[in-house]
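Each structure below is given as structure tokens.
Okay, so chain A shows up in both of these, paired with chain B first and chain C after.
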Partner chain A sequence: MTAVELMNVTKKYHKHLALNGLDVNIKKDVMTGVIGRNGVGKTTMMKMIAGFVQETSGTIRVFGESPFNNLTVSANVLFVDDAMQFAQTMSLHDILKECKRFYPNWDHALADRLVQYFGFHLDARHRYLSKGKKNTFNAIIGIAARCALTLFDEPITGMDAGVRKDFYRALLKDYIAHPRTILLSSHHFEEMEDLLEDVLIIQNGKAHFHGSVTELQEMLISLKGNGEILASAAAGKTVVYQQKSGPYTEWLVENTFTAAELDRLKSKRVIATPVSANSAYLALTEQRTGGIDDVFA
Partner chain B sequence: MLEMDGSKPIYVQIAEWLEKEIIDETLKSDEKVYSQYQLADLFNINPATAGKGLTLLIDAEIIYKRRGLGTFVASDAREKLLAKRKVHTLHRLIEELLDEAELLGIDEQHLLSKIRATRNKREGDLR
Partner chain C sequence: MYLHEPKLFDVVKRQFIYKMSANATPFTMLVILQIISLVLLSGSMGSPDPFYDHNNIAYTINAFSNDGILGLTWFWAAVFGFLLTSLAQRDEAFSFVTNRLSHHLANFFVMLSAALFGGLSAVLSGSIIKLYAFLRYGEVIMETTGLLTAPMDFILRLVTAVLYTLLFLVIAYTIGTFIQVNRFFIFLFGALWMLLIRSISSSHGESFTGKIFHFFAGETSTSLFILKMIMTVVVLCTISITISNRLEVRK
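This part shows the complex of A and B:
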């Protein structure tokens, strides 16, 4: 079943195209990671799904309805980011109480335990929290609200390493107990890839890759060895990335080699190794104009 | 328990971990296998990934499904795994050993005597 559908969606901010014909289907009750370099349109896409931003053209369906200005979608979707606004006079305690009133699936006992575990003072004001604390509190709301669709936009910004680890674990445990559709954007793909089922890579306002983390991980293979041997081995295959360091050349190539082919390469002193999902992501989104080294050349 | 180094897909590592549990008889014949949700919680991974690991073993007929009850260890699972390991794992290790020996210029006689010596030393340590 599909929870979110985007068909040929574009978004223009003045003359700038933030999204450029995005086609995506997000499966229901799946945890999907949304990744991509800065400024590729991740936040724009997530805000559109939440109904905060209207599409310039194309069609968006969230649980079968257009999300913009839609009460049903608003009631079932929660968008969590570092700019969540709460009434300035309310304490954290008041905010949690209001959440309980507002979200039908809200687990107040869980929210209480999480708030206590992460060391919040319930009489504190949201706007005076540090960046990391603010995001931790917002993430707690995202987990405890148990909305049918929860969008976390860069939830871990400012969290220390320990809190990040706890947040991932809390989210996973609650997701296992209460499966729901979750979108999670982050620049720390390597930290969250085990947590995810699917991954959506956005580049240049389009879906560059959308599939399971496992597919991404098995898509490429790294070959290291003599450049000429690599060239003949990879003939007819897509080469995603090439790097030369000293006598060795490393190529990331689409992983369609048979075991026999790999054995033959091994006898020619080519080292073949699997490529982690994160390395595959970095290779796939490499700037075509070259690497950072070229800036200093 | 798992490497989690990204070099091997997690679901393969899950399947291998379960194989180990069966071989060392932590999981015995016809005993219930951990559900994908238990595995997800145990290893901090997505339940779908854990499910893929279980599917791998179901396809290899190491474990079997009972509708509504979960998955269970096949009665001949351990024998199957041991046979597979003997063939595959040992073969792979021997290949690696021979590669290394060739690189170091160690001949067959020398290699065999080294294996024998290590084995004797181990047995001595155990006694």
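This part shows the complex of A and C:
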């Protein structure tokens, strides 16, 4: 079952192309990580799914309906980010009460417990919370609302390490108890690897990779050894990343090696190891034309 | 997780309740404004020196009026109507369930409540002025009619005040919506305002501005007046909804 479908979606802000022919199918009741470098269109995509902004061309379907200006989509989709605005006159307590009125699946007892656990004063004003606190509070809304589709856009910005860990755990526990479609964008992919089922990597306004975390890991293999031997071993395969440290060279190569080939490499003292999903992501989204060092060259 | 199919009416109702508690401050402001104007603007107007008729009887005329309160209420209405279209208000609404139509409809009901509250309280403040005049000068002749002496007249005064307050709210709301759609409209409305002002001073009698003023303020038939006001409000609200239906939020 598909929850969200994007077909050849583009979004233009004046002359700037934020999304450029994005094709994505997000499975229902799956937790998907949306990752990508800064400014690749993650937020734009999520805001289009939430129905806040309209696609310039292409088709978007959320639960089979076009999301822009759609009441059904709005009732079943919650977009959580650090720019969520609430009326200045309302306390955190008032905001939670409003959530209860608006979202039929809202678990008020859970929200209360979470708010208490993370040490909020219920009569505090939302706009005076610190950045980390604000995002923690917004994340609590995202968890307790239990919308059929919840979009978390950089939810952990400003949270300290302890709160981040608690947030991941709270989200996972609630997700297991109440499976629903969740999109989670973040720059801290290494922290979320164990949490996510699917990964969507966006680059240059397009879907660069979309599959399970294991698939992403198995796409690449790390080879360490003598540079010349590596070159012959990787002939005909895509090398996505090269790094030289001391006498050893490490290459991340497209993983199409057979078991026999790997055995042969082993005899040539090449160490082949699996890569972490985060390394695979970084390697896949690496700028091909030089690094930061070249700026200062 | 199954999908919820919300009804427009329910969403509007929820948004309306949310917006009313979110906009508690403007309502409090109105009460404060009315109290201030009650103290400052409603004192007795007229000559302190008595004048004498041919029988050498001295007359002192002290006129009291709640015109100042009404004027200030309408000014408040215009500011509040404009405020309702602000970016912050829109973002706040879209933190919860809504689409553009339900957002506008909820705003309309907020304006209706504001008009009822503002209009009624401005008219009823007249009673406080009468009480003050009575306590200060003792026997006074009440020129205006009360609920008991002329109920229709009294109700008409309430209806008129409420409708004019609503008109000010909705006009400001429409202007605000235009400006939210495109900032360029600021200049257009500025130019329009200048034109209207010039039209007052340059020509006499039936100037363009005069005609507009006459259309709303010069109607003598009650039912026609109410019809005119309601039609204007409906037309302006429809314009607001139509022009901002494709407006993107939380960009």
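Here, the second predicted complex is superposed on the first by the 297 of 297 C-alpha atoms of A that agree within 3 Å, B and C clash if a C-alpha of one lies under 4 Å from a C-alpha of the other, contacts with A are read in each partner's own complex, and residues count from 1 in each chain.
Here, a contact is a pair of C-beta atoms (placed from the backbone, for glycine too) under 8 Å apart; a residue touches a chain by one contact, two chains touch by 3 or more.
For clarity, every value in this text was computed on a predicted model and none was experimentally measured.
Student: For A:Gly227, using the defined touch cut-off, is the partner it touches chain B, chain C, both, or neither? Pick first, second, both or neither.
Tutor: Neither chain B nor chain C is touched by A:Gly227.
Student: Counting residues of chain A touched by each partner, does chain B or chain C come out ahead?
Tutor: For chain A, the partner with the higher number of touched residues is C.
Student: Report for A:Pro274: first if it touches chain B alone, second if chain C alone, otherwise both or neither.
Tutor: In the superposition, A:Pro274 contacts chain B only.
Student: In the overlay, answer first, second, both or neither for which of chain B and chain C A:Glu197 touches.
Tutor: first
Student: After lining up the shared chain so the two structures overlap, which partner does A:Phe102 touch, if you call chain B first and chain C second: first, second, both or neither?
Tutor: second
Student: Check whether A:Ala83 is in contact with chain B, with chain C, with both or with neither, and answer first, second, both or neither.
Tutor: Second partner only.
Student: Under the stated touch criterion, which partner chain does A:Tyr168 make contact with: chain B (first), chain C (second), both, or neither?
Tutor: first
Student: Once the structures are superposed on A, label A:Gly211 by its partner contacts, choosing first (chain B), second (chain C), both or neither.
Tutor: neither
Student: State which residues of chain A lie in both footprints, the one left by chain B and the one left by chain C.
Tutor: 179
Student: Mind listing the chain B positions that touch chain A in their complex?
Tutor: Against chain A, the touching part of chain B is residues 4, 6-11, 37, 40-41, 43-49, 52.
Student: Residue numbers of chain A touching chain B in their complex, please.
Tutor: Result: residues 30-31, 168-169, 172-173, 175-176, 179, 190, 194-197, 212-214, 217-218, 273-274, 276-279 of chain A touch chain B.
Student: In their complex, what parts of chain A are in touch with chain C?
Tutor: 29, 47, 51-54, 63, 69-72, 74-76, 79, 83-90, 94, 98-99, 101-105, 146, 148, 178-180
Student: Which of the residues in chain C end up touching chain A in this complex?
Tutor: Going through chain C, the ones touching chain A are 1-6, 8, 11, 14, 17-18, 21-25, 88, 91-92, 94-102, 245-246, 248-251.
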